[in-house]
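Both complexes shown next keep subunit A, but they swap its partner, so subunit B is in the first and subunit C is in the second.
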Partner chain A sequence: MRDYIIRRILGMIPLILIVMIVSFGIFSLVPNPFAALTENPRIKRADVERLKHAWGFDLPWHLRFFRWFGGVVRGDWGPSLLFPGSTAREVIGRALPITMRVMGLEFLLALIIALPIGILSAVKQYSITDYIVTVISFFGMSMPTFWFGLLMMMFFSVLLKRPSGMPLLPAGGLMTPGLEDAPFFVKFGDRLQYLVMPVAVLAFNSIGGWTRYMRTSMLEVIRQDYIRTARAKGVPERFVINRHALRNALIPIVTLVALSAPIVVGGAAITETIFTIPGMGSLIIQAQIKADYPTAMIALMLSSILVIVFNLVADIVYAWIDPRIKYS
Partner chain B sequence: MENREVLVDVKNLRTFFYTEDGVVPAVDGIDLTIHRGEVVGLVGESGCGKSVASLSIMRLIANPPGKILSGEIFFHGEDLLKKSDEEMRLIRGDKISMIFQEPMTSLNPVFTIGDQISEAITLHQKIDAAEAKKRTIEMLRLVGIPEPERRFSQYPHEMSGGMRQRVMIAMALSSNPELLISDEATTALDVTIQAQILDLMRGLQKKLGMAILIITHNLAVVAEMAEFIAIAYSGKIVENASAREIFKTPRHPYTHGLLQSIPRFTERKTTEPLPAIEGMVPSPYHMPKGCSFNPRCPFATERCREEAPELEELSPGHLVRCYHPIEY
Partner chain C sequence: MAENAIDAGKKKNQKTAEDFTYIGMVLHRLTRHKLAMAGAFMLIAIFLFVFVGPLIWRIDPNLQIESLEGLLNPASAAHPLGTDDYGRDVLARMFFGGRISLFIGFVSAITAALVGTLVGLVAGYYGGWADNILMRFTDAMLSIPTFPLLIALASILGKGIWQLIMVIVVFGWMVDARLVRGMVLSLKEQEYVEAARAIGASANRIMWKHLFPNTLAVLIVSTTIGIGGSIIYEASISFLGFGVQAPFASWGNMLQNAQQYIWTAPSLIIYPGLAIFMTVLGFNFFGDGLRDAIDPKLKL
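This part shows the complex of A and B:
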């Protein structure tokens, strides 16, 4: 198992290289990345030329790639055009943890809710519970995140108010200004209320799909012969489900959850924009709109690596629950 | 023969399935008596309700779509159909065990075979894990699995079909059941392996003394093992007698036909085709009026097409469901 993990991690290296080439390529193929600057009468031509030189745009593209590549590896990601005075690394260093927190919470929440409900729905197939779960899941799957986000905002930030007149939940941002020196738990609670809506919006979407898949997978497993064997030897029904069936039913779910990582990253971009969260999603969008190519390249690369890492974790979990997977 | 203690007494069992296409009277009059330590064969063409009957005894018919409509299943004089789910669970795998047709799919792929047998043991006996492991290895050795210590931690996919069926037998016998139900346990195996498994079951029956209900569509299988044979046709027992009488003086035309279709190397020239019973098994959705065998029966009369015969004791211990039993 340990060798298998090491081998899989080493196997990621070529993939990451390809991701880097593609990330670089997409932004290098832009015909004139400095168009916005040259058109701006307030920027001197000499400055643009200096920038071009600093960025290696006076070099052929392959040399530029090696320069960029070396920089990325060394951790020198170049200056941020979006936030003058900051490096791309600082900008991303601020945004990445925020996105990871939102996504981590959403994954956790969605799994904790979707898996048990999917199981329940399968065990009680065609019951009232099953029908209600089915309807809600389809809502979750088909409702666009931006629309559901705005709907929630309307309810919890506009319609519902606290006695003090403040909205029940803050409509956007990360924390209430002026609480920087508050005790830990006050700060913690404050940040939490900012996370409720974005996490809920993202999670609802995942829960819809995952519940359905968990239900389908469970239904498939509980009509297998080995489940009948478990019952025939007197295993109590709850262990038949939670021990004998669950482990088998989870095998396809692992892949599914991993494959949904890119969707979650994409959904996070929209959600962050709606709730004005300064995370990676909104950073990528802004960097692209404002032609901050250094930041955009790195951000795209990191998002892709995130997806690769997800797949790796999925493969390891997969091998762990299914003994039929050969490590060699 | 006189002091035979009745272990199982099934009386007029009826189990139907309610499907979208209609009602399936899978079992519609099964009567069966099994004495302590006896081997009884239940024989009939596939689809005649053998599996449904045995799963009814185990109370493993899923409801919906199945339902045990009426009848009694006495085990040690107590009606299993009146027991609570929990009481029944404690009997399954302890006093009554079952093995199935499909050794390839009857074991849970994600647990080691050692785990699966130990689980059956600890469910019904108050012993600790180390003790259970010792007993598991003992059982593996008993069913003729070489290197039981190594096999203990193997997964089902690492074993052949014959070995897996041995594992199933070890699991079924681990709690010293009084009744072992073997539902076509050798049907899916190669002929040589089939013979080995039958030998094993016969040997274990002599050694451990449990009763066996051996279910098969193949009369040759029960010919060597069973002392008593019940013949089923479209959900009903049509003849029930000692193996000797079934083979020497079959009274029901269907039993007679079945015996005619067994190849005999000595009596027949190989060029002559085997006589088969004319016609086809009736569809469970369109049962014929009267005796369900009447469309295929050479002796059928007007009466057979109008009313259904009851199971009657024509001579001591020889029960037949027919208006025109064959006379000798």
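This part shows the complex of A and C:
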């Protein structure tokens, strides 16, 4: 086991290198990040050249990669173009907690709803309940998040109004301006209103896939001999499902959860854009539009590395909870 | 004698597994899968809508009405789904947008499946360092968040339908590569491959004539589901303004400006989104049924 973990950690190094090269390669191919500056008659040509030199854009791309790589390792992530005056590190530091709040909530909600529904759907296979759950989970998987987001907005922010004439739920943003100094509970309730729609949109999407996954996993376990044995012994059905079957059925789910966890940091680009949430997802998109390549690359790299790390975590946890799996 | 006659009579009415060819068996199971049939009907309806519709409703999707009264009209006899912010007929744009969305979905999903197959075949068949390099690369590509890179690549390659297809392919082949590699690893140990090798078949021939056909069923399932995914990718990229560009319509870029008119013309949001949703749902239902029909134990 220990050797396996060590080997896997060493195996991550080339993976991370490839990820860095690919994301750097794509961003360094961006035609010319200084095009807008050069066109601006109020900016002197010499200043543009100075900026180019400062960011190493006068070097060939491979030298620029090493320069950037060195900076990343030393924790110097470069300046942000999107928010002049801030470093990429500060920009990401602002976006990260926001995304973690939205996505963390979505993640928990989806898990709490999807797992019991998936189990129910498996236990009552081919029943009306199963069909309804199946159809709804397919709806969740097939619904484009941007469309569902817009529909929600249409319904809760345009159609439904409060008695005061305000929309029932705010259409976007994080909090009502002017409530910064309000008491904790007022602030909490206010922020919660802004989270309802984005969290619901994202959770519906996750619930679709996870319910199907839980159902398949449970169905596979229920067919096994030890479940039949338990039933034959006269164990009540409730215990057969909750004690005997559930434990094994949850093993693949642990992997699924570990593999999905990185989105908590990476964010959801489209949903954040629609609901104007200044999180990691919309930050990456905006940074790209404004050719803020230091920020975009770091944000991208952070989420990629997390995916790789959580892949490893998934495998290790899998081996740890399931003694049948042997790694050599 | 009598018993034989009864048996023969039974046989006439009841088909056993031996009476079916492989494709006949799959079709037999597929037609009994309710969701798959629902999906098939949805897809047929959408294809008819998109390809037969314009033959009946002959209005230029790019024709703009040059007056203020023509903009953002509600549904009327002249424009059954109203007009958009440029005064163009929404119904006509739905037809032509659907053609482009479906075209991008099909071409990119099938191309991605072919690229994935090539990588998976080579990695699985040769093994060793080829396998190692290809699979590490696949893993790395899988761990990069697709969406931001899709947009970065779209802004490098330029905006257009073929560029968009290329972008979706570049980030869409990895799952198929893993799938094919996994199947090839077990297939290549079987006797018929050994026999082919023994009579001197080339690696190329074994890969494409012997291994590839045996992965085809699974690939068809994953491509069916993949088409739905590609359509969502196309719509998302176009929605953010990096995909299909005006004057061409796609279901995604029809939604691009619609958010601004959420208060005045909500129907602009409803129709294109509904079309995307129904199409993707159709492909998912049908793909799921196809998987059950081909091999219920398959994990996809």
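Please note the rule applied: the second predicted complex is superposed on the first by the 287 of 328 C-alpha atoms of A that agree within 3 Å, B and C clash if a C-alpha of one lies under 4 Å from a C-alpha of the other, contacts with A are read in each partner's own complex, and residues count from 1 in each chain.
By definition in this document, a residue touches a chain if its C-beta (ideal position, glycine included) is under 8 Å from a C-beta of that chain, and two chains touch if they have at least 3 such contacts.
It should be emphasised that the depicted structure is a prediction, and the values quoted were computed from it without experimental measurement.
> Clash or fit: how do subunit B and subunit C relate after the overlay on subunit A?
fit
> Going by the contact rule set out at the top, does A:Lys233 touch subunit B (first), subunit C (second), both, or neither?
first
> State whether A:Val158 touches subunit B only (first), subunit C only (second), both chains, or neither.
Second partner only, subunit C.
> Between subunit C and subunit B, which one touches more residues of subunit A when both complexes sit on the common chain A?
Larger number of subunit A residues touched: C.
> Go through the superposed model and pick first if A:Gly85 touches only subunit B, second if only subunit C, both, or neither.
neither
> Just subunit B (first), just subunit C (second), both, or neither: which does A:Pro60 touch?
After superposition on chain A, A:Pro60 lies in contact with neither partner.
> Mind checking the angle subunit B, subunit A, subunit C on Cα centres after superposing, to the nearest 10 degrees?
So the angle at the centre of subunit A is 70 degrees.
> A:Met141 contacts which: subunit B (first), subunit C (second), both, neither?
second
> Thinking of the overlay built on chain A, is A:Leu150 touched by subunit B (first), by subunit C (second), by both, or by neither?
After superposing on A, A:Leu150 lies in contact with subunit C but is clear of subunit B.
> So, A:Gln224: does it touch subunit B (first), subunit C (second), both, or neither?
In the superposition, A:Gln224 contacts subunit B only.
> Quick one: minimum Cα-Cα distance, subunit B versus subunit C, in the superposed arrangement, integer Å.
It is 9 Å, taken between the nearest C-alpha atoms.
> Is there a shared patch on subunit A that both subunit B and subunit C touch, and which residues make it up?
Common interface on subunit A, subunit B vs subunit C: nothing in common.
> What does subunit C use to touch subunit A in their complex?
It comes out as residues 35, 136-137, 139-145, 147-149, 151-153, 155-156, 228, 232, 235-236, 239-240, 255, 258-259, 262-263, 266, 269-270, 273, 276-277, 280-281, 284-285, 288, 299.
> Using the touch definition up top, name the residues of subunit A that touch subunit B in the complex.
It comes out as residues 224-226, 228-237, 244, 247-248, 251, 321-324.
> Can you list the residues on subunit B that touch subunit A in the complex?
Listed in rising order, the residues are 58, 60, 85, 89-94, 97-98, 100, 102, 105-112, 119-120, 123-124, 155, 157, 168, 171-172.
> For subunit A, which residues are in contact with subunit C within the complex?
Against subunit C, subunit A makes touches at 14-15, 18-19, 22-23, 26-27, 29-31, 134-135, 138-139, 141-144, 146-147, 150-151, 153-154, 158, 216, 266, 269-270, 273-274, 281, 284-285, 288, 296, 299-300, 303-304, 307-308, 311.
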